[in-house]
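Step one of this worksheet: look at the structure below.
Residue numbering begins at 1 within each chain, and the chains themselves are lettered A, B, C, D, E and F in the order written.
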Amino acid sequence: MPKSIQTTAAKIKRLEVQGARNVAIAAIKAIESLAKETEAKNKKQLLKELSEAKDILFSSRETEPLMRNAVRWIINQVEKSDHKKVGELAEMVSSASQQFLKNLEDSQERIAEIGSRRIRTNSTIFAHCHSSTVTYLLKRAKQEGKSFAVICTETRPVFQGRKTAEEMLELGVKTTLIVDSAARFFMNKADFVLVGADAITSEGNVINKIGTSMTALVAHEARTPFYVVSELLKFDPVTMYGDYEKIEERSPSEIWENPPKDLIIRNPAFDVTRRDFIHGIICEEGIISPHSVIEVVHRKYPWVFE
Amino acid sequence: MPKSIQTTAAKIKRLEVQGARNVAIAAIKAIESLAKETEAKNKKQLLKELSEAKDILFSSRETEPLMRNAVRWIINQVEKSDHKKVGELAEMVSSASQQFLKNLEDSQERIAEIGSRRIRTNSTIFAHCHSSTVTYLLKRAKQEGKSFAVICTETRPVFQGRKTAEEMLELGVKTTLIVDSAARFFMNKADFVLVGADAITSEGNVINKIGTSMTALVAHEARTPFYVVSELLKFDPVTMYGDYEKIEERSPSEIWENPPKDLIIRNPAFDVTRRDFIHGIICEEGIISPHSVIEVVHRKYPWVFE
Amino acid sequence: MPKSIQTTAAKIKRLEVQGARNVAIAAIKAIESLAKETEAKNKKQLLKELSEAKDILFSSRETEPLMRNAVRWIINQVEKSDHKKVGELAEMVSSASQQFLKNLEDSQERIAEIGSRRIRTNSTIFAHCHSSTVTYLLKRAKQEGKSFAVICTETRPVFQGRKTAEEMLELGVKTTLIVDSAARFFMNKADFVLVGADAITSEGNVINKIGTSMTALVAHEARTPFYVVSELLKFDPVTMYGDYEKIEERSPSEIWENPPKDLIIRNPAFDVTRRDFIHGIICEEGIISPHSVIEVVHRKYPWVFE
Amino acid sequence: MPKSIQTTAAKIKRLEVQGARNVAIAAIKAIESLAKETEAKNKKQLLKELSEAKDILFSSRETEPLMRNAVRWIINQVEKSDHKKVGELAEMVSSASQQFLKNLEDSQERIAEIGSRRIRTNSTIFAHCHSSTVTYLLKRAKQEGKSFAVICTETRPVFQGRKTAEEMLELGVKTTLIVDSAARFFMNKADFVLVGADAITSEGNVINKIGTSMTALVAHEARTPFYVVSELLKFDPVTMYGDYEKIEERSPSEIWENPPKDLIIRNPAFDVTRRDFIHGIICEEGIISPHSVIEVVHRKYPWVFE
Amino acid sequence: MPKSIQTTAAKIKRLEVQGARNVAIAAIKAIESLAKETEAKNKKQLLKELSEAKDILFSSRETEPLMRNAVRWIINQVEKSDHKKVGELAEMVSSASQQFLKNLEDSQERIAEIGSRRIRTNSTIFAHCHSSTVTYLLKRAKQEGKSFAVICTETRPVFQGRKTAEEMLELGVKTTLIVDSAARFFMNKADFVLVGADAITSEGNVINKIGTSMTALVAHEARTPFYVVSELLKFDPVTMYGDYEKIEERSPSEIWENPPKDLIIRNPAFDVTRRDFIHGIICEEGIISPHSVIEVVHRKYPWVFE
Amino acid sequence: MPKSIQTTAAKIKRLEVQGARNVAIAAIKAIESLAKETEAKNKKQLLKELSEAKDILFSSRETEPLMRNAVRWIINQVEKSDHKKVGELAEMVSSASQQFLKNLEDSQERIAEIGSRRIRTNSTIFAHCHSSTVTYLLKRAKQEGKSFAVICTETRPVFQGRKTAEEMLELGVKTTLIVDSAARFFMNKADFVLVGADAITSEGNVINKIGTSMTALVAHEARTPFYVVSELLKFDPVTMYGDYEKIEERSPSEIWENPPKDLIIRNPAFDVTRRDFIHGIICEEGIISPHSVIEVVHRKYPWVFE
């Protein structure tokens, strides 16, 4: 097993690599290295190495369907291949990796193209946390000459909303920052909500940064449309087969550095937003109802279910 | 006009005095000083002085019905009095002030007595922000030997939830602190919610710290009962007659000390919780429906409407 | 029995007199005439005449609580009176009538004063049908220098919304007219809804022009506050004691002048709006919750229940 | 202490006396006996005896506000009395008892009179469990010549719905019986729901036979109006002051006579219906909103709060 | 470019051709003429002509997915064809056109067959506006011997509901006409609602005549099932890719012929009904959930997405 | 026609065979016998016999999609077959039957595997009625070593909940039994609800034992997730094409053995649970949204629609 797998897994575990896209890219590159350096004698040995790599990478973080789907895809390509020679198969790993990365980029581009059509001049968009897919979409809308405004929550405990605000200000977008709990106070001023996703479950629910489900509830109560912006490959097939999406709990010190003795601090990183609160998922296949996400994935990426 | 009025109003304006009860107490004491030092020659002059004092005190903060009702009460007592001599009237100011303070204390005691009956051993109470009336009630429940747990939001931007947490820990209560946006994640673990009030409107709605209305929405969605703990004199009669309750907006630096240029930071101090989200108001008259609050005030404190 | 009673009742029946206020005023004046012309010999005979007059007037229209309460009030004053002489009692009828009319005017003024405080510059008000109490309120707000906009439904079948639109245009208010069924399309643009009332029931529900309950539902769905503007004496005590509020059905020709044979045309004049859809009733006692309306009437006009 | 108190309390405890009205009547009669047989020497001693009787009677059943209010009323009359002689006071107990019983009867009559107006020919009424106040009302409507239908749930575990069905059939009413869980299937066929009450709380909620809250939920979902038929003196003042209404749990054998070993059977006798599900309480004061019940009781029976 | 394209586009623009089906049929026929008269020398030239025709036809009306899908289908057939000769290709245009028209007719027949099964003897159907697909379905049910009733809204501003009423009366159906705003008053009397569609969006929402979304809301509140009757080819693929469905605004004079000066009249022709209010779409594939409409179209008409 | 068909149909009609799975198995076996004993001379004759058998079996019970889909499948296999000889075709019936039974078993196993992952140690599951698919799933979870609790309704009128309770006690599961109408009282104590299905309709609704829809409503109100556990082949294609799912009504004596004369007893066996109340269907394809069930069946069992 080449070191790259271990190193990458460790980096992911220590949060040196962050964001679903970046984690997937890092894992793909580690697999590519493995394929380049492999000393496997035959397909079987190579598949065994890949399988071990998969186990190591999967155990680095609990909820990372995009990365997991990437690894699944690459191994699936090798398994199905008629090639026999290790060299050819290793090359296949490379090309499958490139193909996956290409698909990721294309998806992001396509999502930005589709989503930006929804933004009209003078729209106000409400955003929670930071999502590179969301800000890429907004950048595109700005490049198309639309003038709009953004309201960001600060997103406690680690203030990712400030990052969103900074990126918007750089684009020249009129940006307002509020505390998370003021979402209800300001929701009426927004035309719609855009958030990213860490995972999509088989029931059509979405896992995303803590507070997303509260934002969705507030939007629902205010009758403000709520959209999730996400690649379809955030779909997590294990939820299909009964597993719960795991909710990572992070360090209390993110919330209070020197808390009083005996205080229990709970710091879940994500929460679950039910499909009933989601108007649509803006993905590479268009704007779809969350209720139909399984069948869309079945049609577009059938290998996810293999 | 004695200096005490000006000084007190200034302190209230600069937030050196905080919390509806403390502001009311400070204003009452300033009025008492005025009565002691007055050089008014007759009732008319005294009433003029009191009226000026009222104007100064009222303009120190936008939403302070408890303080305003205190001042109204004292002046009302003087107006209705048959006394003619300034000395006697001044004494009446003193006694009315004492009576009001006594009523405030009795109310707090009564509220604690009533509300603590709602707490059962092993109950979990969800609290947002800090309210001395709420923590007094919880203290009483603890003194009665009940063992319960509290979940506090940190309450951005100025973390009053930490104060609630500290007071609970001092009492030996099992206390959990969460970020505000995790309210929905943890609401199912609570048996009910307790919050304070800054003002109660004629429609039965409640003005309280920003995030209260979001907490109420989350509690409603989770079917967790939501109670407001408040003296009836937080009722604001101006809302009866059509005025909106004003929402104070505070300094952006409370949210981000060195924000990027051009960023708009909005920092409203309060929000409005609609009566439909409130199971009951725990007040000195018992646990009442918010829909009937006007008639209860009419019965108990008819002078509020004069 | 003087002719005036019969004549007035007939005019009311033929809809020559319209609008709850106008109907009440006409009935009061007829009663006053009766008292002036009476040839009754004693109190008993006078009361008998009044009682007959009451029966005739009550049967002229099914749902007219304001008129009925007016008649009740006048007779009640005579009944309770210690006077014995018919002349004195007749004078009492006159003075009670004047007092009632005065109270009506004062109430309208008070309601306008209270309600206009709710209108801010740049507010948009949504109105259904025509109510003189509502337009009086809006006139007052305009006179106070506020600049606001109004959206009116046309209010089929007899287009009373056009009357509201015309009165608003005369005031110089920016006015938009829409078909009734576009209420949902435009509700998001309104800050709140104002409608009048024909009757208020003991459960806190409101009877008003057909379409009011649909407007309330649409406002509720859009989270736009919905207020009823009405004198408290629209409260109908018979609903208290179990009677249903009657819903008058009017001529089909109002809807289609030459309909095809066999077509059934249904034309109810009113519908019922449930208290849960009403944020507040703006009345002479302030802005109150519809749930507490019985107790407010008990306090203010106890004779209604006698 | 005369035996009658102990005997009556024991009968109530063993459920030999059932139904809120019957329990209240039995307790009143026991108190009357006590007054007749008392050997107290003075008012103080008599009050002590009454207080002991009260304790014994109150402890016989957890949730019996009508009986408790009856006892409170009688003792209250004695306390307030200016009489000094025991004989006179004992007579006062008698007359107060008679007065209370008279009021109970009058209330039932008044409720029947009011409620029967709501029943139209061809109405269908949905009833859960058995309430003598409800069946008295329906009897009155039938006597007035109205022809209506009733749908009854069987009301497990002890089938009180069969009793309602039998009484209706005796009246000649078209009666349908269904299992409790078919309520949703049949609710659309009903014009409204009528249920009784065991207790009314300060928040305006109603305690009644298990399944009532489910019936209310089903009615709410089907948009079928839901009315509670009850004397106002079912209002329980202890809930005002923070106490929870107790929910009695009854014998498992009512549900399954020979259950398998280790099976836990839970058999709560009552549940709580929230005010939001109740269109109105049909009481001796008319049809009122549950939100205003405290103030109505304050006006009508102020001694309840003493 | 043959004149027929221009003429047809002009007629559509001037509303001389109305109704989604009629517009589609007109466009298809214009394309057929073009193919017959073309002087194109090769496939490339023919495709260029067709593309120009498409642009002209598409710009004639903003929201006409059925017509647009028809044109897309015909061009798609030519593009995919292996034929080289213009004559053969022109014939292909003809046969594709015939095929599309045949499919339209078959769909209407199939929808009528499926939908009429839902109608039981004694059903009451609530209809808004006029839809030929809906009335065809009802005609079929009548032909099958079912006896049912219809409630129609008049459908302001141009009274299309009268057309529905007339067609129903001709069939011998018991028909009731009401003003649009009485929908809530009468909804409880209906077993279900049937409306047509102008367009179906990728989120599963439906665009139809103004007032449809209000009717859906009223039906939802009354728990009356709401069905959309529509060919699947009303699905608009541009909404998939982010575009909003355009809402045409029509002449103010439809609402008020001689309005007062300065009055703003707003007259949107359509509104959007959210999928959550729709029980099912009755289409040629059966009765389907609106949430799954994209995948059904993907399966049945994959060329729509090309 | 062999007797086995008639006999089986009769047994099904008399409820000697019960439960969707058992009924399907019995019908399959009867068809197998028919194929073994057939004296048909050619494919056409065999198909005619099969078609007659189908008619007899289908008419034995109104709502049995699983059985009907089984029969459809077998006949479909024969129809599509290229075999000509009756012997070969009869064998095909046998193998198709075996295949169907195998699929049923596999599905049950797969559902148990998927569903049991949802059960965590200390979970509490709420169950209504008895479903062998549900209890098989719970058995599996227990075998996997999970310790959980179950709350069962007794399920009037025939107490199938007692069967569920007994099976759970045998597994050593902590089991609580309640009356059906106490569902709301206990729902808050459950983590989720599991019920079976008799049929799934094209709109995504579920037909199951009377009371299921009430349980779903109660779960929805309490925010407790509600899952249906069912093989996909419970999907009923006739609902797709407009037919209503029939609701069987059973004997009144199940509810009351000796009811009073004139009492109408209504005893529907099933009710309909709308898709909006169902979090997911746990089926052999995974946990899916009920909204997408048609497309999942189209993908997995396309022959159902033939």
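Convention: contacts are C-beta pairs under 8 Å (C-beta built on N, C-alpha and C of every residue); 3 or more make two chains touch, one makes a residue touch a chain.
This one's a predicted model, so the numbers in the text were calculated from it and none came from an experiment.
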| field | Between the pairs D-F and E-F, the one where more C-beta pairs touch | value | D-F
| Same or different for subunit A and subunit E, where same means more than half of the interface numbers show up on both copies? | different
| In angstrom, rounded to a whole number, how far apart do the mean CA points of subunit D and subunit E lie? | 58
| task | Compute the distance, rounded to whole Å, between the mean C-alpha positions of subunit B and subunit D. | result | 38
| request: For subunit C, write out the residues touching at least two other chains, lowest number first. | output: 221, 276, 289, 291-292, 295
| Of all possible chain pairs, which ones touch? | A-B, A-C, A-E, A-F, B-C, B-D, B-F, C-D, C-E, D-E, D-F, E-F
| subunit B to subunit C touching residues, read off their complex | 202-204, 239-244, 275-276, 289, 291-292, 294-295, 298
| field | subunit C contact footprint on subunit D (complex, rising order) | value | 113-118, 276, 279-280, 282, 286-289, 291-292, 295-296, 299
| Considering the complex alone, what residue numbers of subunit E touch subunit D? | 188, 221-223
| said: For the complex, give me every residue of subunit E touching subunit C. | reply: 153-157, 162, 165-166, 169, 174-186, 210-211, 213-215, 217-218, 221, 255-256, 259-268, 271
